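What follows is a set of structures for review.
Next come two complexes, and both contain chain A; in the first it sits with chain B, in the second with chain C.
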Partner chain A sequence: MRQVDLTIEICGSSGDGTLAVGEILVNTLSDLGYRALSFDVYPAEIRGFGKCVAHCRVSDKPVYSVGRSVDALVSLNDPYSIEQLATLKPGGVVLFDSWPLREVSEESCVAGRLGPGMYLYGVPFGELSQRSTHGARSRNLVALGAIAGLFDIDAEAFEAGLDRKFGGKKGNVAQTVKAAFRAGHDYVKEKLLKVDPVSFAVKEELEKKDFQIMNGNQAAARGAIEAGCRFYAGYPITPATKIMEILSAKLPPLGGRVVQAEDEISAIGMVTGAAMMGTRAMTATSGPGVCLMTEFIGYNVMTENPVVIVDSQRGGPATGLPTKTEQSDLLLALFSGNGDAPRIVVAPTSVEECHYWTSEAFYLAEKYQTPVILLMDLFLSTCKTNAVLSELDKAKLSANKSPSPGEEGVGRFKVTEDGVSPRALPGTPGFEWTVSGLEQNELDSPSYYANVHTEMTEKRARKLMTALQNDVPRPERFGAKGKVKLGVMGWGSTMGAVIEAVERANEAGLSAAALKQVVLNPLHVEDIEKFVDDCEKILVPELNYSGQFARWLSMHVNKPIHGLNMVKCSPLTYLDVLEEIERLITETS
Partner chain B sequence: MAGNHYVIIGNGAAGNKAAETLRKGDPEGRITVISAEPVHFIHRHRLAGFLAEEANIADLAVHPPSWYEELNLRLRLNQPVERVDFEDKSILLAHRERIKYDKLLICSGAKHRIPEYLSHFEKLLTKFSNGKHAIELKSMMPGIKRVTILGGDAIGLQLLNAFLPAGKDVTMIMDEYRFWPLESDAGSMDRLARALEAKGVKVVRNDHVTEVEKRGETKVVSTRGGVKVESDVVLVCSGMVPCLDFLADSGIDTQMGVLVDDKLRASVEDVWAAGECAQMYYEEIKDYRCQTGYQNAVRKGEKAALNALGADESAKLCEPGKLVVGGEEFITYGWKGFTLDETS
Partner chain C sequence: MNDIKTEKVPEVFYLDEEIKAVKEKGVLDYRSKRLPVWCPGCGYFGIQTAIVGAMKDLGVKTHELVVVSGIGCTGRYPFFVRGYGIHALHGRALPVATGAKVARPDLTVLAVTGDGDCLGIGAGHLPHAARRNVDITCVLFDNGIYGLTKGQTSPTTPAAQVTNSHPYGSPDRPLKPLMTVLAAGATFVARGFAGRPKDLRVIMREAILHKGFSFVHVLSPCVTFDKVNYLYPRLEELVMPLPKRHDYADYHMAVERAMDDELFLGLFYKTEEPSFSEKLDDYAGRSG
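Right after this comes the complex of A and B.
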């Protein structure tokens, strides 16, 4: 059982420093040994206003999903925060600015909107900022101090975090921000009486691991670098742009290149070329970008070219909702393009897995000479957590099946038992080959004979089966063993919510289990069938309207699947899943 | 047309009864209850007991949060009123939010009284008149060994029930507010003092505090008679006064409390006052008087609300209560017009 499981939201307007406070809060709590996850909500438009929310969930045990209801809301902007009260728990806390610049009306003040079981504390953020720093810009840091003071979280740990973040800045920035923090902290300690039940207290001191606070984009970029990616081309798009930003700083010193292309088609074209020449290459985009890249995905399937494409999904279709999370590109990732074009599709379920599976994607792409699509989403891309990254296998840095001496004259697309042909890099004397999007025979000449097309189509499909046998991990089961009332299958970022929900359901005595598979194509169908056989009912929660994963599973298993399909513009929470688990099990009973 | 917005300042017995009555009489009206207290309404007589209990302060609430929800009351806790603008019919809260009202009921209750001769030392004195004070004092309890009670009013007497069983060393320096609001003669006062001494309380009689000073963590109380008492905490228990700070210079007639007629109407239109903050004119005695106690607050709160809804009902002087101290039962007629109708 968790001793601490709290969700804190900081809500403000763009420019209030809302997200910065969330970041410092999570970093500091991580330093203190808490497990934390933060997720930022911000407007799509780049401008000086708009609602921002830093959502932080904190526990003494690992957290994989956001909290649905909030224990403490810090308002840096009351009109925006009023909307957030809808998710505040009974017994929840609101900290607000009790000294606004001018008188405010009832309609625009958060103070009058609390339920009778909630607790309100006023702290003059602006005034304290002015007094401590001679400016109002540090209201957010006063609020941070107020959080530390109210919940009795180690102030020195916060100050150390502020030193780390601002210590390198010119002038006395670090001193200024610490003064603002201290002003908020001391005000709460001296003036406010804590009467609410929200507490960060734990019975035993938390183990302080060597956590690395990062989001999925940072983890993916790091995984790419560690996997030997040395070429990246992309076109900026939310929520994937950060990957390009990181790589543009990190790759050149390693001898790599980053190109900001004129559009996504050019980007995938450049990546295709680089990969063909033997460089591990990647692009990252979102759904609209994948749409544009579709033709090249097919081309890379046909030419058996190892490219890695990150699709950080967001609400669609079309430009859709640039800053809202969704999981509605699965079918696009699996089936986009014409013809039978098998490709590997991977959906990491956590920040740690974004690191591991980006690296693994390069290995799989190179070993099986195929595009690998890595399905992330806005939540996974931007949620920060204290990750413990795994050591990557250095043996996987090179996975190309190069032709052996004496194989000169053997065509690029030689039919092999495992479906993988020897691949000589262009320019290798004696191994010249022709590149084309046309169907080709073993001697890499265009061919339209039926037997050739059949053979090549089978070969392209077969190598994915080889990958499945050799390199795709078996699905992992969580929760109750043996036969259960309900089996839950999640994918991507929603898997964390599924695992937590099943954990809680089991604690409540409900018979439920979960199955996790990170590689969504190819699938370990036998394992899935076995799991399905163990379950009276199957539930698939996902953040799309049409139940895309459920449909994909339905193509492989012969059992009705209950979908929990949500397009709510925010991450799935374990409570969303837990409630559905309870409902379905109750129905069964 | 939008319904009336009733604003009640105060979330005590009078305010709650007024809110309940208003809701019954006007199901559609908007009702806002404002309180400076960070916690829900708790009977004052239970606060001393809270110090000795394991209970959470929220468990002592007279009404659970659901009571406010069911009555559709907008409760604003921890939101002190800065001032009332009667011309504009609006209230300015301390956090600079302005609230308009159609009808205002002032039920702000009473707070601890700091006698003038102690006002210089106020920062060194611990108060005990509401839930906030109770939480603060409870958090201090483990570190307290010696307690000095100045004055010795009824609340101070109740506090003995928390201090004595916990083994605290208690000194009571009585002043003219001793045993407030009991009305008793010198003989009964002496009997009470002796009863307290029998319980282990050191009672300093017929003396007057001249100084309270801090020496390190210790507070030293000096008296005119030359007594010096060292304490960890010095409690001021010298009676109560109506909470009216937010009405200063507002234009409403006040004296000790908000002056109201027998219909509990204040001197400005659409404003009523009830409970301990109201100083009502009683035809029976042809004078204004403040009254304390739960029954008084409930009856006056209800009456004020009925009149705010359009009735025209007069309130009456409440019956005196009784108080048991040291095994003796005392009739309480109040201090300068106060009564306490609780039993100990």
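Right after this comes the complex of A and C.
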């Protein structure tokens, strides 16, 4: 059971410093040993005056999904915050700016919109900012101080965090922000009487781990660097752009190279060329970019070339919803392209896994000479959490199957038992090969004979089976053991919500289990079948309308699958899944 | 190099003598065991001879040679060369060659591409490869027709020419490839003719030696599907060496000659600028 599980939202207009406050809040709570996850919502348009919400969920145990209902709402902009009241919990807390009220009409003041049972605290953010810093720009930091004061979170930890963030700035910025913070904190301590039940108190002190506060994009970029990725080509696209920006800064000093291509086709083309030279290479994009890269995905299957493609999914189809999360590219990742083109598809389920599986993707791609598609999404790409990263296996830094001396003249596509051919890298004398998008025989010549096509098609499929046996982890089961009323299977970023929901269902005495697999192709079908046999009903929650994972599973299991399909433009919460679990189990009995 | 003498083709020759001579020249070291699939008489044989000759002249090691192509009759070229060959997707020779060169600046990278490949489906990549000044040599095999799909209009087919896809004549104005690359900032721009492989060999040699993006436009007859435009006798009449007073360091003069309807042969433009890899190395040094 969790001792603390709170969701705080800070809502303001762009320019209010809303997201900065969210960031400092998460950093400080992380310093204190809490596990936190923050997810910012902001408009797609760059011009100002849009609504910004910093959403932070805090617990004493790891959190992998956002909260559906909010315990405390901090308003830096009342008209926008009124919209957020809909998700405020009964008995929730609202902190609002009680100064100045000029230009705010009665109906656009958040204080006038509260339902019964809510707790309202007015703190004159603007006034306190003026008094402490001689300007109104530090309202957000006053609000941060008020949060610390009201919920009794260690003020010194916040100040240390502010020092870290602003200490390097010129002048006395650090002093100013701390003054604003202190003003908010002290005001609450002196003037307000806390009556609400929201509390961060824990029975015993939390264990302070080596947390790395990062989002999925940062984690993926780091995984790539650590896995020896030394070539990146990409084209900017929300929400994957940050990966390119990080690698552009980090790769060159390591001897790596980053190219901003003229379009996604060129980006994957460059990655293809670099990978053929033996360099670990990657591109990152979103659904529309994957569409453009589709022909090259097939080409890399045909030429057995190791490329890593990150697809950070967003709402679709077409240009879709660039700043909203969705999981609707699964079938695209699995099946895009013409012909029989098997490839490895991986969907990390947390920020930590974005790090681990990006590095693993390079290993799998190189070892099995195949494209690997990593399915992230906007939520994973942008949600910040205090991650505990795993150590990577140095032995996996080199996985190419080089031909042995004496094998000169061997073609590029020698048929082998495990399906993996020896692969000489350009620059090696005596092993000159020619690869092509045409079907080729073992001597590299284009071939249109049935036996060659059959043999090569089988070989390309066979090596993924080898990968399945040797390098793809078995699915992991959570929740109740043995026979259960309901089994839940999730994938990607919604898996966190699924596991939490199943844990809570078990705590409530409901018989439910969850099965998690990160590698979505190839699949451990036998394990999935066994799990399905244990479950009376199967539920697959996912953020797409057509039930793409359910459809993929239904090709392998012989049981009807209940889908929980949402295209709600925001991440799935455990409550969404829990309610569906309860409904399906109650229906049964 | 623009005062190359126009070569004379001997009227009579004996095959065994030719083969012996060719073997002695060592150019066969750059040929794979596969026989070209091009039609007899195709201009691409001439281009092949010129490229292979240039490799021999420069002593490029076959295992340090990467030949990238797109799709079309040109696309098959890597299969006939000894070296690391990449027969890429339609239009995508340049991105793949760019990735290969950036990853392995020590290798010699050649992008061979056709008129449909480079100026049609892959036209989006050409100006960018040129302006990046990637140190690759792009050879445009231009026969003014789609050959592999059997005689449709290409981006360089003259307006009003009747083709299989335009039985009433092509309504499109043809592209001038040299102007495209000059506008994009290519640092080496030349034109050759498949019917004069010895001249072309000299151009190819210079192009490969050039540090930066070198573009060689090669006029080449399609003997099977083009009966009116790029015929050997017609091209023989149309082509002429660049005038003696042409200064390849003069950008405006180069643009003027590239605009001209006369098909000048030789080096139009050449300038020295840091190549893409040099710039990236330089920036990496700064970041470290």
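Note that the second predicted complex is superposed on the first by the 587 of 589 C-alpha atoms of A that agree within 3 Å, B and C clash if a C-alpha of one lies under 4 Å from a C-alpha of the other, contacts with A are read in each partner's own complex, and residues count from 1 in each chain.
One rule holds in what follows: a residue touches a chain if its C-beta (ideal position, glycine included) is under 8 Å from a C-beta of that chain, and two chains touch if they have at least 3 such contacts.
Owing to the predicted nature of the structure, the values given are computational and were not obtained by experimental measurement.
S.K.: Chain B versus chain C on the shared chain A, clash or fit?
M.R.: Aligned through their shared chain, the two binders fit side by side on chain A.
S.K.: Figure out whether A:Gly168 sits in contact with chain B (first) or chain C (second), or with both, or with neither.
M.R.: So A:Gly168 meets neither chain B nor chain C here.
S.K.: Check the residue A:Ala261 against both partner chains and state whether it touches chain B (first), chain C (second), both, or neither.
M.R.: second
S.K.: Once chain A of both complexes is superposed, is A:Gly482 in touch with chain B (first), chain C (second), both, or neither?
M.R.: It touches nothing on chain B or chain C.
S.K.: Where does A:Pro405 make contact in the superposed view: on chain B (first), on chain C (second), on both, or on neither?
M.R.: A:Pro405: touches no partner chain.
S.K.: Counting only touches as set out at the top, which of chain B and chain C does A:Gly509 meet: first, second, both, neither?
M.R.: It touches nothing on chain B or chain C.
S.K.: Between chain B (first) and chain C (second), which, if any, makes contact with A:Gly437: first, second, both or neither?
M.R.: Only chain C is touched by A:Gly437; chain B is not.
S.K.: A:Ala249 contacts which: chain B (first), chain C (second), both, neither?
M.R.: The answer is second: A:Ala249 touches chain C but not chain B.
S.K.: For A:Pro446 in the superposed arrangement: first (chain B), second (chain C), both or neither?
M.R.: In the superposition, A:Pro446 touches chain C alone.
S.K.: Could you let me know whether more residues of chain A are touched by chain B or by chain C?
M.R.: After superposition, C is the partner touching more of chain A.
S.K.: Once superposed, minimum distance in angstrom between C-alpha atoms of chain B and those of chain C?
M.R.: 52
S.K.: Which of the residues in chain B come into contact with chain A in the complex?
M.R.: So the residues of chain B in touch with chain A come to 32, 38-40, 56-58, 64-69, 73-79, 92-100, 131-132, 135-136.
S.K.: Which residues of chain A touch chain B once you look at their complex with the stated criterion?
M.R.: The touching residues are 90, 96-100, 102-106, 109, 111-112, 114-117, 119-122, 193, 195, 197.
S.K.: Across the complex, what residues on chain A touch chain C?
M.R.: Those in contact with chain C are residues 230-231, 233, 249, 252-253, 255, 257, 259, 261-263, 265-279, 281, 295-296, 299, 303, 426-438, 444-446.
S.K.: Which residues, counting only chain C, touch chain A once they are in their complex?
M.R.: By the definition above, chain C touches chain A via 32, 34, 61-64, 66, 68, 71, 78-79, 82-89, 92, 94-104, 106-107, 124-125, 128, 280, 283-284, 287-288.
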